[in-house]
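Paired with subunit B in one complex and with subunit C in the other, subunit A is shared by the two complexes that follow.
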Partner chain A sequence: MDHPAIGEAVTETEIEQALQSDCDCKDGMFPQGKMGTASRRAFLRGSGLLTAAAAIVPVKAFGQDAAGEGPWSVPGEIAKSDYGQRASFETVKRLASFGGTSSLTPLQAGVGIITPSRLHFERHHNGVPTIDPAQHRLVIHGMVDKPMKYSVEDLKRFPSTSRILFVECSGNSNAASRSANQKTVQEAHGLTSTSEWTGVRLSTLLAQVGVKDGAAWVLAEGSDGAMLSRSVPIDKMLDDAIVAYAQNGEAIRPENGYPMRLILPGWEGNINVKWLRRLKIGDKPFMTREETSKYTDLMTTTGKARQFSWVMEAKSVITFPSGDMRLPGKGFYEISGLAWSGRAPIERVEVSTDGGKSWGLASLQEPVLPKAHVRFRFPWHWDGGEAVLESRATDQTGYVQPTKAFLTRNEGVGPTYHYNGIQSWKVLADGSVSNVLQA
Partner chain B sequence: MSFKLKGAFLGAAVLAALPVTVWAQQVGYPGGAAYPFGSPASEADIRAWDKDVRPDGAGLPAGSGTYKQGEQIYGEQCASCHGLKLEGIRDPNLPQGGAPALVGGRGTLNTTHFKQTVESYWPYATTLFDYITRAMPYTAPGSLKPDEVYALVAYILAEGHVIKPTEVMDAKSLPKVRMPNRDGFYIDNRPYPVKRYD
Partner chain C sequence: MDHPAIGEAVTETEIEQALQSDCDCKDGMFPQGKMGTASRRAFLRGSGLLTAAAAIVPVKAFGQDAAGEGPWSVPGEIAKSDYGQRASFETVKRLASFGGTSSLTPLQAGVGIITPSRLHFERHHNGVPTIDPAQHRLVIHGMVDKPMKYSVEDLKRFPSTSRILFVECSGNSNAASRSANQKTVQEAHGLTSTSEWTGVRLSTLLAQVGVKDGAAWVLAEGSDGAMLSRSVPIDKMLDDAIVAYAQNGEAIRPENGYPMRLILPGWEGNINVKWLRRLKIGDKPFMTREETSKYTDLMTTTGKARQFSWVMEAKSVITFPSGDMRLPGKGFYEISGLAWSGRAPIERVEVSTDGGKSWGLASLQEPVLPKAHVRFRFPWHWDGGEAVLESRATDQTGYVQPTKAFLTRNEGVGPTYHYNGIQSWKVLADGSVSNVLQA
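== the complex of A and B ==
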């Protein structure tokens, strides 16, 4: 093989060289901005720590071992944290977007399918409310026999259900439909995350209140400042809707709806109403702002707008290598990414390294769960030449992730939501990876 | 049949009955016996939050408002984010990075410089009442009284040339307002009827 060995011994000279270098990628292929670099520098420069650093701080693209240098082991401290922190060397973080109304998941640093709760994307329309669960109630009323109200503790008494599900803002990748200005996969696609959600099936609660004949829609309302509200067909509510109170094994994060939220598997993020306080059963859609003036998809081809487009269709994106990374040299790389569909389980993911001229089948990491992120992998030997990396997902309905050209031709440039076109990353001979518009 | 075999059959019968029992416990409640959790929602509980308004006017409260009243309230409560001429402001120092334009944009929806406003895009005037009531002004949502909301709706609709400045908005007149883009929407028709996209 003509690629360098992965993993090699590090010397103090190499550490000094690494510190003096002005390369943008001191932390290897995963640049995390100035913060990560600064903290590592400070650590390395700390008196007497240089030798220890050789044993535990990755300096090159791939990890090294100490090769006999450094201490035998690293003495620890007695655990004193009631609620754990990540290692002090880890700096990956969400990225707040314009106006502070959302923050983006660092997909480029993710592995597996679960998004840590602290890195789950957020989007809110009037800030994150601080809600005392002892004061919070969910009221279910309208076309029901018996209007009821439930506290979080009440909900926890009911039979529970847990599902690993993606939640994707329907505005995710919107900017990618028009430009390649987003440097990283986080900036371009970071409004999607996967968590295990636990709560009560809404069908259980609706059986309790007794839904009257003629009921067809349910207004779901949050208790945030925007009092965000959406109309949901009762069929969806009875099918697989969950009133969730937990995320990844603990209480839902405040920015994700604490103490309870609606989870509608596979449907656009906005309708998964957070800080849920009211469900009103009715016979018609309520036509709230979020389903008329927003979250409708204007086709500039016709001037007409698609409404009630709830399902997030099949989509995939390569997260490694991805924008703003730099490959240290030719050789073996495992291309990796995420695929998901709100309609059906992912059937297959194909990967191209030549901008869509030829495609190969990626392997899918088990378990392949319906309506959850699926991790795909594709072994690649980079020959050092220019390459354009793309992925496309197909779900079990046969739906294939479309090209940007297809979407533009059919929908124009209007839809702010539901853009799921194929993403292209260009690799140059110097190893740099950047966002490019699909040819 | 030996005694031993009879016992085995009996055991199988008990086992077979078990899942049925469990099933009955989990889904055996619709309309009948209830899980004894939660408490009945009182009239007061519901009234406190039941403020939504539908296109047919269901939910609209008593009260009324005029363009003149709305003009003054808009200047005090709305203009700092939406602009003196309802033209919208983009400014990272404002909440949400500013607020969208409320008027203009008619005739642009099938162009690449499309502009979606209350005037050009919103299909129902009642949604304006519902949304202002629940979410505006941004820094003090829920603080506006029904009369004030009717007045703001009258002002915004008149500035957008949807109604005349002389028209009074109330529970009777508002649902009758026909928005310019009322027929501009169609129900989701995805997936597209093609087997493979490009």
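== the complex of A and C ==
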């Protein structure tokens, strides 16, 4: 594909001047004794004859120094960083919401599928506890032959598993179901993230304690102030549940459950109990607050509420372009976004630029992992007119991400949880992008 | 598999006492007005009636408070973290080497396949430059129809791609080829890491500038003080080269080439030119310092040197247990490590616990990605006697990771670069693990 509008033409003369201003060398070669000022300084500094501090000189852009004013390259400091930092020019950050009880992932700035641990969304019901991993224990009891408690070190002794998985708060984008007040994709959809989680399979732990006949449910309880607890069918625990102690190759972050949390692939965030301290095996659900007064889905069409609606259904959202951005001008843009399903791998993602009248197939970034964010991309030539951008995910069960209209018809004004309606971004002629409610 | 030796037995009475000491509730339920002290404090704090600062109380371990001394759970502070930090108890770090010109990844602490960006290895020839992304430009010129320069924002306008890939310094573990002086796996093998890299395919950029007939090589040059430069065959550039601007979902870290670097999947680290400023198309190699006086491989068997030996061949290393660790006692351990090949996907990894006399097949963590680290795992019951642990990787070309003896026979005392011999860790009866040179 040709993109003539991108970039700036340059001449060999300009390039040669810039190179000369940089040093007496060409094509990156440094013949003995022919290094120019910049390179000689760099050489001395590299050998430690100048202090590292003095060495930090922001690099000049190519062309700026065609007049020979200064180096196009820049000697650096000898890094002594044992735990790196991002560049000082970078300012992407999470956004606190719900009175600071959650922080939203900046999806608009994301690329690929991995969410940096520092930007993974968080939601807590009574703050983030400070837990000494040497003191923490996980207890497994109830309908078992042998009640046991395990330290973090104990868990690391067991066979381990790692999976790249999304975790999404069941309340993610619920406000989007009723209004377009949330300007950005971070505000509207920032309660979902993807990490590589590592830990021990719960099936391995349950084999140790010996589950009694008739066991059907497991109470999972956190050691945070809220002692958040949920009931989990034992079948899910035996299928693919993980007690995770690591996230993206290092210890789980405090706000994500340090030193250990439950991971239930594809299920709503709150049941992936963080700061996990106790698993009690029983024969019926424990009917905790979080599954009775909270986290049930009221269907205003029938007046009834869904309970134990754990699975996050197929969903997608365009992250570029998205709300509060401004396109610099007409021409080529790559529409990009994320799709995920808690039920089955993503089968396809379709993109519309005319508010859902017509759809085209997006390309999916390989590998397409089950129960993980999938990055989709769709080439778009913006003609400068008004456009409404939408994405629609379908998973391998054949389930198609619904419209808001469909959900309203079937569930009413919209439950507080599990909203997965299609998101619409409107592009105006001036290039501004805004959140609009789909009809 | 049964692991009776791991963890500690506990009684329902102890658990009940611990729960009672925590609050007046059971099974995580909080009936109105029945919250105990800890929970009431937590509740008040959650509602902001107490200061967050006062809320940080390290949680007590289960059992400690069976006497009712204090809460087993801990109220937390309301997180306001917009760019998270790891837990204060975590101390894993990179290790500076070669006089601070490189930093080694702590492979012994790693799990899964993703290396946190903060712990990705780094190697620089004249320090880490501080580059203002708004000022930086990439120039493409030489045998092209239309020389162009691109800003970071320009590059982000093009169709993008993301791949999870390893980058390994060609000098990684070269000292291991001659001695066992490097105690840990970090010291011996820490110059390899895996990230999800995102950027624009070089084939896309070369299509913009129009490559002239006869073009065969591309000079890639960095804007660091060393202006590190290498010659790359244009076929590799058109095949799978990427100009990357992101790493693990955020901007590339300064020490890894901020704001843009070349990524040549599977090729030695130094040719993945960081702080990339210039690509010059030519008809022959540019014979830069880094491919003439440096980064060639002397075969002391023949006295000849290999040049342009770009591909990192199949290699593996056991990361747990590894040098300088001590096993607490005999019993079950999961041997775990990493395998990778720059040529083809990893076909299998074999593990030996008797110094290579016998081998067993390790399990590979899915998905097995080409040109990325692959996590392998192997169950081991340590009988308490001496053992020598080794791993051996085979890629889909059929290439088998060689022994040191084989390499010495064929290449001599060992070239400085591209050493991929089998690593041996010796376990003594006291559980201590040390680096030993394979016969």
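We adopt the following convention: the second predicted complex is superposed on the first by the 372 of 439 C-alpha atoms of A that agree within 3 Å, B and C clash if a C-alpha of one lies under 4 Å from a C-alpha of the other, contacts with A are read in each partner's own complex, and residues count from 1 in each chain.
We take it that a contact is a pair of C-beta atoms (placed from the backbone, for glycine too) under 8 Å apart; a residue touches a chain by one contact, two chains touch by 3 or more.
These numbers were taken from a predicted model, which means no experiment stands behind them.
S.K.: Once the shared chain is lined up, is A:A246 touching subunit B (first), subunit C (second), both, or neither of them?
M.R.: second
S.K.: A:P402 in the overlay: touching subunit B, subunit C, both, or neither? Say first, second, both or neither.
M.R.: first
S.K.: So, A:G7: does it touch subunit B (first), subunit C (second), both, or neither?
M.R.: So A:G7 only meets subunit C here.
S.K.: Would you mind checking which one, subunit B or subunit C, touches more residues on subunit A?
M.R.: Answer, by number of touched residues of subunit A: C.
S.K.: Report for A:G412: first if it touches subunit B alone, second if subunit C alone, otherwise both or neither.
M.R.: First partner only, subunit B.
S.K.: Please indicate which partner A:Q208 is in contact with in the superposed arrangement: first for subunit B, second for subunit C, both, or neither.
M.R.: In the superposition, A:Q208 touches subunit B and subunit C alike.
S.K.: Under the stated touch criterion, which partner chain does A:S229 make contact with: subunit B (first), subunit C (second), both, or neither?
M.R.: In the superposition, A:S229 touches subunit B and subunit C alike.
S.K.: By the touch definition at the top of the document, which applies to A:T302: first (subunit B), second (subunit C), both, or neither?
M.R.: Touch status of A:T302: first partner only.
S.K.: Would you check which partner chain A:L361 touches, where first means subunit B only, second means subunit C only, and both and neither mean what they say?
M.R.: A:L361 sits against neither subunit B nor subunit C.
S.K.: In the superposed arrangement, which partner chain does A:K93 touch: subunit B (first), subunit C (second), both, or neither?
M.R.: Second partner only.
S.K.: So which bits of subunit A does subunit B touch that subunit C touches too?
M.R.: 99-101, 125-126, 137, 139, 141, 146-151, 154, 157-159, 204, 207-208, 219, 221, 225-229, 277-278, 280, 286-289
S.K.: Applying the document's contact rule, which stretches of subunit A touch subunit B when the two form their complex?
M.R.: Of all residues in subunit A, those touching subunit B are 98-101, 125-126, 137, 139-141, 145-151, 154-155, 157-159, 204, 207-208, 210, 219, 221, 225-229, 277-278, 280, 282, 284, 286-289, 292-293, 296, 298, 300-311, 313, 343, 397-403, 405-406, 410, 412-414.
S.K.: List the residues on subunit B that touch subunit A in their complex, please.
M.R.: 26-27, 29-31, 34-35, 37-41, 45-46, 49-50, 52, 54-56, 92, 94-98, 109-112, 114, 116, 118, 121-124, 126-127, 130-131, 134-135, 138, 141-142, 184-192, 195-198
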